[in-house]
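Please go over the structures that come below.
Same chain, two partners: chain A is paired with chain B first, then with chain C.
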Partner chain A sequence: MGHKQTIDLSTENRSLGGLSGQLIGFGAVLAVLGLIGTLLLGNLEGAFESHSEPHAAGGAAHSSDPTHSNGHSADHSGGDHGMAHGYVSTWSIWHPYLVSASWLLAICLGAIFFVLIHHVTMASWSTVVRRLAEAVSRNFVLMGLLFIPILMPGQMDKLYKWIHPDPGDSIIAVKEAYLNYDFFLIRMAIYFLIWIGLSFWYHKNSVQQDADGDLKRTTRMAHFSPLGLILFAMSITFAAYDILMSLDAHWFSTIFGVYLFGGSVLSFHAFLALIVIWLQANGRLTRAVSDEHMQDIGKMMFAFTVFWAYIAFSQYMLYWYANIPEETAWFLRRQENMLWGSWGWLLIIGRFLIPFLFIMSKHVKRSRPTLAVAAIWMLIMQWADMYYLVMPQINGGEEFPFTMVDITIPIGFLGLFLIGLALSLRGHSLIAEKDPRMPESLAFENA
Partner chain B sequence: MKHLLEKIPFIRPEILGNAQSQEIDNTSYSPAERQPWITGENDNTTITDKVCGILEDKPTFGWVMFFLLSLSVLGLLGVFVPFLIFWGVGVWGVNNPVGWGYAIVNFVFWVGIGHAGTLISAILFLFRQKWRTSINRAAEAMTIFAVMCAGLFPGIHVGRAWFAYWMFPLPNQMELWPNFRSPLLWDVFAVGTYFTVSLLFWYMGMVPDLATVRDRANNWIRRLAYGALSMGWTGSNRQWHVYERSYLLLASLATPLVLSVHSVVSFDFAVSQVAGWHTTIFPPYFVAGAIFSGFAMVVTLLVPARQLFGLKEIITLRHLENMNKVIMLTGMLVGYAYAQEFFIAWYGGVKVEKFAFMNRAFGQYAWAYWIMVSCNVISPQIFWFKKARTNIWIMFVVSIFVNIGMWFERFVITVTSLANDYTPAAWDYYTPKLADVGIMIGAFGLFFTLFALFCRFLPFIAMSEVKGVIADAAHSTPSEKPAESGDAESAPSPAAGS
Partner chain C sequence: MSEPKTHEPAFDTITAEGSVDPKPVVLIAEFETADQLMSAAEKVRDEGFKRWDCHTPYPIHGLDGAMGIRPTILPWIVLGGGFTGFCGGLLMQGWMNGISYPFLISGKPFFSIPASIPVAFELTILLSAFGAFGGMLALNGLPRMFNPLFRSDRFRRATADRFFISIEARDRRFDADSNARFLRGIGANAIEVIEE
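Let's turn to the complex of A and B:
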């Protein structure tokens, strides 16, 4: 290492400048398209009608009729509670909403993890792209805003059965101390406080170092990072339990938090690759972020593709092998009919096998077009994964709950996400200017 | 404190051999520059002299004592294994609900210890962590020996040890096959593959160093032995090129193995329906625990070894500090898994599961559970303080605690869930017998004996790689930093270069 000539940063175009307007404009177009599309197509498909759902006739505002729509899908878990279900099986527009919100939340979670792990390991390769990660993580504010509508009691009812469990549901009764509305709200507030706090604190220190070049900031950020990682680990775990796992309040899996973590880190690195490629296509950071750095981002994408598969396999295999009804119910819903079974295969092949083989080569990681294709694909797969976690209980998995809003909502949210990113990036340098390890990072080689 | 310690005969320099090399603190942290990994005034020659000296000079008194002690502990195996084979597994304390006693506990413990080596040599290599070069050789050796110890236990646990080869799916005229659906058979493949690849990786990395030893040999036995082992290595450009390519490839192939072995070991428990065993976090949790115990064992071995062989400038405080950080991280990962198991046991609402965990913490084996928690989760917390991370005595003690704690973790998992299983009428308390304890201690004897022999007969440090680290430091220092800051930090080493 260190044999390369260091690049003179001052010759590099490293502010967003006019691009910020471009990004905001593009984001706004996406957001408007998403909003109009959702309203229009959603209306056509009856997503907003409060008394007749698109696929099934059922009660809307309150818990659905327990006898309906679950049919013969053998997903009742356990024995002594008859037909009590831990999940809501009636579609509402809040389901695709939750899918998209979790999708983007995962990217933010990956971003704050990237920043923390950079500091705790005192890494240098990632210094050139750290500012971008800091900016992405600030979108937690947007995510917090997007999650507020879900937390309204009316919407919670449409998503989470444990708010109003079926009479005689002894399983949910056991965990009432944890799964109750007030405590849920408190926990969500704590998660977002942690995430927003961490992301703003790191961004603030990093940006201020651009001005004052104070080395103590680096030390301080490094010193706080282990504690930050502990807060991160606890919050992502319980957030995964609360937001996604409790959609079926009967089901449980100790690895579930790690599952969300794997996907989050993967999708953040994919997103990061896309930002860098976009910036460089517009003449920003063209030499500061070299092929070497791209290769490392690609390696992380590769590593976490495998990690995600490892965690997903661990969870599936152990439940499949032991074959205990209350544990397999969740997977049964996802594989006993053609539709969700294929979706599972889509994840195995599309989320693991294809990217695994595609991104293995060094040349694919170092070339911008191929890395961009991989990154876009991985982000789509992250969405497909979230869809797989949220949707299959709709109508007991009998019908494909897909509607056009499944496409328009993520487009709209992505638009908002890009606007948020532009607001975070603009006004500051795109690179941590006076980071003491910048020369080391600029000279980085995969030697 | 230091004064007092010097009065203990065992620590006195003349007994410890090269002990006069001084401790140089290269752990000071400054964001502006990196401290050197190798301290003192070392160059290629001094590195070669120091490392080859270990196996060329007369053995030190300390080494001889250590070797003899290990050998006599190994004798316990010689007593108790034939005893076991002659009388059968009845000499063990296993009873009806607890069919897996010390044997499986020791098996998992040793497989776990065997994880640090390949992690250090393969994963840290892929992460381009230069600090691995000073410790990888010893850690890999430790891995090989630990896996050998692990392999002992299934072999003697089969009862009729002369049929141990039935563990392998060998074609036979009786058409008898092991159960391919059993994770115990997967273990045979997983551990077997891991051992083979680790051994190859270790040996291949050693070839250039073996050639160095061969070139320095001053009698024909050494020349012949090391000549054969180094397979005609000349250090030509082409050889290095091929070597580095294949090292990278082997590292990439060994990396998934680090994760897979202990995942498969965790399947032994987790695929069952036994409460407390069947939980989805088991595979990554076991891997984290294995790395945790493996690193602890590396610290346990290297802290005395660097003292004994005068390697303080090669295995520096900063190397040890990094290992302690890994221990602290993995300790917390293990703690995370304990916490999630407990939480989900409650959250899941499954009564037996809840009972299993309450029983662990407050039942008849509560003592073992709390030993495990205090050793694994609480004791590494002292490493939040840099003073503790860089203090030889504290890290040595903590590493021992972690070894104890990780042994107890396997004990707690295995025994508590079996002793109080689904049939309360059959519940029983597991008490080990003499043969259990004897074989457990004997395995440590085997491990330390092999390690002692390794120290004397094979290059303890990956010399060629350490020289690369020195060369890198020499290349990058003058061009990037003002001269005074770079030299001033590494200079204060009056008694360096012993």
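Let's turn to the complex of A and C:
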């Protein structure tokens, strides 16, 4: 073994080069497949029919009894036994759309957090992969575009009941100062302004440092990062409340933003591991990013698997203990029927127990194939988690929402995401060339 | 001091005060740089020594490999501790709340998993930490109040600017003369034998 040789960056293949075309092509294929699949299969299943004819597919119970759905929605609009609901009663194409958009938004949020925490702690190990995180975070632009259709005036009420609450719904009435269409749009604009601003500013400074090697950029980025983290924390918390929690406007959980945050950081590190493995398989950054760095990325995946479980359980246990109807309603509809009950177990076992045991060993983290398997699994589980947050909100969880568009939309979005990533990664180095901590990062070893 | 030798000794000898019939317990070799120590460690390893160690002022990455140290079993001790804590925590609460002293609290089941997780979790952490801390001490043979190495004044520089290899007399290949010559040959600039 002996002493490790210092790596000379100039001998490393560190530009995306021809791979950008490959990535854009692959992304385009996925996007087209997703789009065609969504249009064809969605049309078959009646996903694009107008609101007056509720979705009747995706479950034998419902498709065999269309009048049931119709009757249900009529009941709701007329006030079901005097009970007002905070959630919508019918499935719409926007539900799987929101699941997929939140899934990818989580990766971007994790990316900007990675960049900010890197600067605020003046970390050195992560310097070699920081440029990749900066590029991923620039996909906030794409995410912003993807969220626009949801926010259209005629569409948003298909997701959010609080836009047109049941008459006499006093719970939503008192929240109206916050939960109203105009303010919601303003907040969404602020969130995306913060996210896009942070990601572009950090990416720009980092890329310009490649050219001028100005050390002031490093201090400037570090000085701004605490404020950036505060902005990030506030925006992810309120975005989680707005986008996902307000699907049931009656329910509330103060820890909900942290829950989304845990999943975000987890899925970003999984995504980062996959990008690095893909780049290295194509001869990029083969020595700059070593087993040591992969082990640290794996450690973060492990840590945030535990963190997610900790937060998910904290949220559950307090509501279980207090046992107050308005708080338990959210969990009740996820436990009282077979489908969502099993889905909950899928998350406990598939999102926590299996990855927890699987990537505990350092050998699993240091080997590319096993880390890739873990990363792909975790990204699928992040999608399953988003599904669990969104879908049971429809009609109190009594709807069985499986349709083929649940598969085609994420594929299409992932394609767009990869195109966005390729556009952000090309035209400059894959590594923060002149970062003052680069030599330290290249020589990094786990003690 | 040491008994007369036919040739000039290749090392200094330090003998514990007041010891009758002193025998060598450990041999130390001093090196100037970390690189010298690293290559020397590889040669000592290849020579087949088993009971020996390196002493450096700061951690040197890659030294474990150069010394041929096998991976520690400590992680398994920690895992065992954590597993014991988790199962023990659940069993304890199951027995207390469910069997020994069932007490109805706000309509909850006598024993239920959600209510038991926090204690089981804390015990998992606690026994893992005990396993890590106690296991580390036990595997390193600590605590140990005195080490014959402390008798050497030269060895004090192991905490400042010198690098040392020590070979214990318990090693099957230990022989003060030939070891000293061997270590000189691979770059040691001073050798001492400590007797007790």
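Here is the rule we use: the second predicted complex is superposed on the first by the 409 of 447 C-alpha atoms of A that agree within 3 Å, B and C clash if a C-alpha of one lies under 4 Å from a C-alpha of the other, contacts with A are read in each partner's own complex, and residues count from 1 in each chain.
The working rule: a residue touches a chain if its C-beta (ideal position, glycine included) is under 8 Å from a C-beta of that chain, and two chains touch if they have at least 3 such contacts.
The shown structure was predicted, so the numbers you read here are calculated from the model rather than taken from an experiment.
Once the two complexes are laid over each other on the shared chain, residue contacts for A:Lys175 go to chain B alone; chain C is not touched.
Of the two partner chains placed by superposition, A:Gly396 touches none, neither chain B nor chain C. Shared-chain residue A:Gly34: touches no atom of chain B or chain C. Shared-chain residue A:Tyr321: touches chain B and chain C both.
Chain A uses residues 1-3, 317, 321, 447 to touch chain B in one structure and chain C in the other.
The residues of chain A lying in touch with chain C in their complex are 1-4, 313, 316-317, 320-321, 323, 360-361, 445, 447.
Residues of chain A that touch chain B in their complex: 1-3, 6, 122, 170-171, 174-175, 178, 215, 218-219, 222, 226, 230, 233, 237, 241, 250, 252-258, 306, 310-311, 314-315, 317-319, 321-322, 324, 326, 436-437, 439-440, 443, 446-447.
Against chain A, in their complex, chain C makes its touches with residues 35, 38-39, 42, 59, 61-62, 65-66, 75, 79, 106-108, 114-115, 117-118. By the touch rule above, chain B contacts chain A in their complex via residues 29-34, 128, 256, 259, 263, 267, 270-273, 278-284, 332, 336-337, 340-341, 344, 346-350, 384, 472, 475-476, 479-480.
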